[in-house]
Amino acid sequence: MNERRTESVGPTLEELRQRLVDFAAARRWEPFHTPKNLASALTVEAGELLEIFQWLTPEQAAVVMADPDRAHRVRDEVADVLAYLLQFCTAVGVDPLTALAAKIERNELRFPVPGTPAEGEEVNP
Amino acid sequence: MNERRTESVGPTLEELRQRLVDFAAARRWEPFHTPKNLASALTVEAGELLEIFQWLTPEQAAVVMADPDRAHRVRDEVADVLAYLLQFCTAVGVDPLTALAAKIERNELRFPVPGTPAEGEEVNP
Amino acid sequence: MNERRTESVGPTLEELRQRLVDFAAARRWEPFHTPKNLASALTVEAGELLEIFQWLTPEQAAVVMADPDRAHRVRDEVADVLAYLLQFCTAVGVDPLTALAAKIERNELRFPVPGTPAEGEEVNP
Amino acid sequence: MNERRTESVGPTLEELRQRLVDFAAARRWEPFHTPKNLASALTVEAGELLEIFQWLTPEQAAVVMADPDRAHRVRDEVADVLAYLLQFCTAVGVDPLTALAAKIERNELRFPVPGTPAEGEEVNP
């Protein structure tokens, strides 16, 4: 990914989550940041990201970042989705990285790699 | 946040993003992971997170994590939203942490803290 | 409902569906109106309707139509959601009224009125 | 549309809207049917409709109704979207047919048919 920095220079997810907490506190926005409102806002922003793609063919969608205006909108909506996801996680006390690591582990059992026997399956040599 | 681990022990966002890349590659799922499909899946999963809250009063929503079944669903949907967001970012070559940091900076100018003069505003001492 | 007209004077759902078919045909928009694109657009517009309410308290949301600007946005988003739903139905050959009537009948069995015995349930006189 | 009946035999939109009002009243569900909750539920159901299509190619999506299970899901989700849209309209006092007719008229001015001069444009004979 061309614009990615190594995590030692860029901010971590936890640092950004804390900046969002401070940002909302400084503006006294916490009363609006209920789990239900934040889940709504997350869905709305995901829809805005989808909106960029809704009339594009798969071919046009594949080169969406070649258009500077669209590329800016994509980055902007990605940021909004991530911001509301982190604020939601703060509101309900969930660590998103722990939740995702647990889900990946469940999915590795649920969708075994083709050719790999599923847990408990007999191998037929 | 009770279940959060410090980032030095838990996985980083970039490590989880890479695990998702490997997970999809091992199952040959990359052809499905177009930007448009992943933006759709992200919106669908955000809707599933919202579904948990749609009939709850603000009071019920505030204690959603006290119910073990709902708490599990919340963590599961948070994981799904984050997974599709990371896979979308991989597909379009966007670093979500850089995008969010840039957005927070823009928002700090756009929504100045009350009592703080906005950029370009005269201070009245 | 204050602004409702009786169906004998106003347009029917089928007349509006047909106007949307003609509207898209005159502008040669049919190639964009695939089921997948229209389902995306429907979700995006539903999100825009939700956006009006996302930061409102239940009390504020209850009087949303008292504000002329918000009332206009609500009517506009209702129209967009209905337009894409009808265009989706055209694309897949589903009659929305028949589909809804069938669903209400299933729901009447699935959620019996309290005090009414469910189908197959013994009545305890 | 193969399954469409003429409106003189099938139910009208207004009849179905009224049946939904009665359905909710009989089950004492009105307290849940706030505008905000119904806009959330509408978005969630639109997402469930989109979910059917999210991994399909345009070619697969074009024949979605050839698969009886998928066809049933599509009709079911169309019904859910329409039900929540009508219940939302009841909650805010908006007539969806009037709203859509007005929107189509605005769109006819906003997107003139190619070859047709826009309002106020000089015709060059």
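Letters A, B, C and D mark the chains as written, and numbering starts fresh at 1 in each.
The working rule: a contact is a pair of C-beta atoms (placed from the backbone, for glycine too) under 8 Å apart; a residue touches a chain by one contact, two chains touch by 3 or more.
Not measured: the values here are computed from a predicted model.
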### Query
Same or different: at the chain A/chain B interface, is the fraction of residue numbers used by both copies above or below half?
same
### Message
Comparing the two chain pairs, does A-C have more C-beta contacts than B-C, or is it the other way round?
### Response
A-C
### Query
Between chain A and chain C, what is the gap in Å from one C-alpha centre to the other?
29
### Query
Just how far, in Å, is the C-alpha centre of chain B from the one of chain A?
4
### Message
Could you pull out the residues of chain A that touch at least 2 other chains?
### Response
40, 43-44, 46-47, 50, 53, 58
### Task
Quick one: label the inter-chain contact graph as line, ring, star, complete or other.
complete
### Task
In the complex, go through chain A and note every residue touching chain C.
32, 37, 40-41, 43-44, 46-48, 50-51, 53-55
### List of chain B residues in touch with chain C within their complex
40, 43, 47, 58
## Note on the structure
Contacts from chain C onto chain D in the complex sit at residues 1-5, 7, 10-14, 16, 19-20, 23, 26-28, 34-36, 39-40, 42-43, 46-47, 49-50, 52-53, 56, 58, 61-62, 64-65, 74-76, 78-83, 85, 88-90, 92-104, 107-108, 111, 113-114
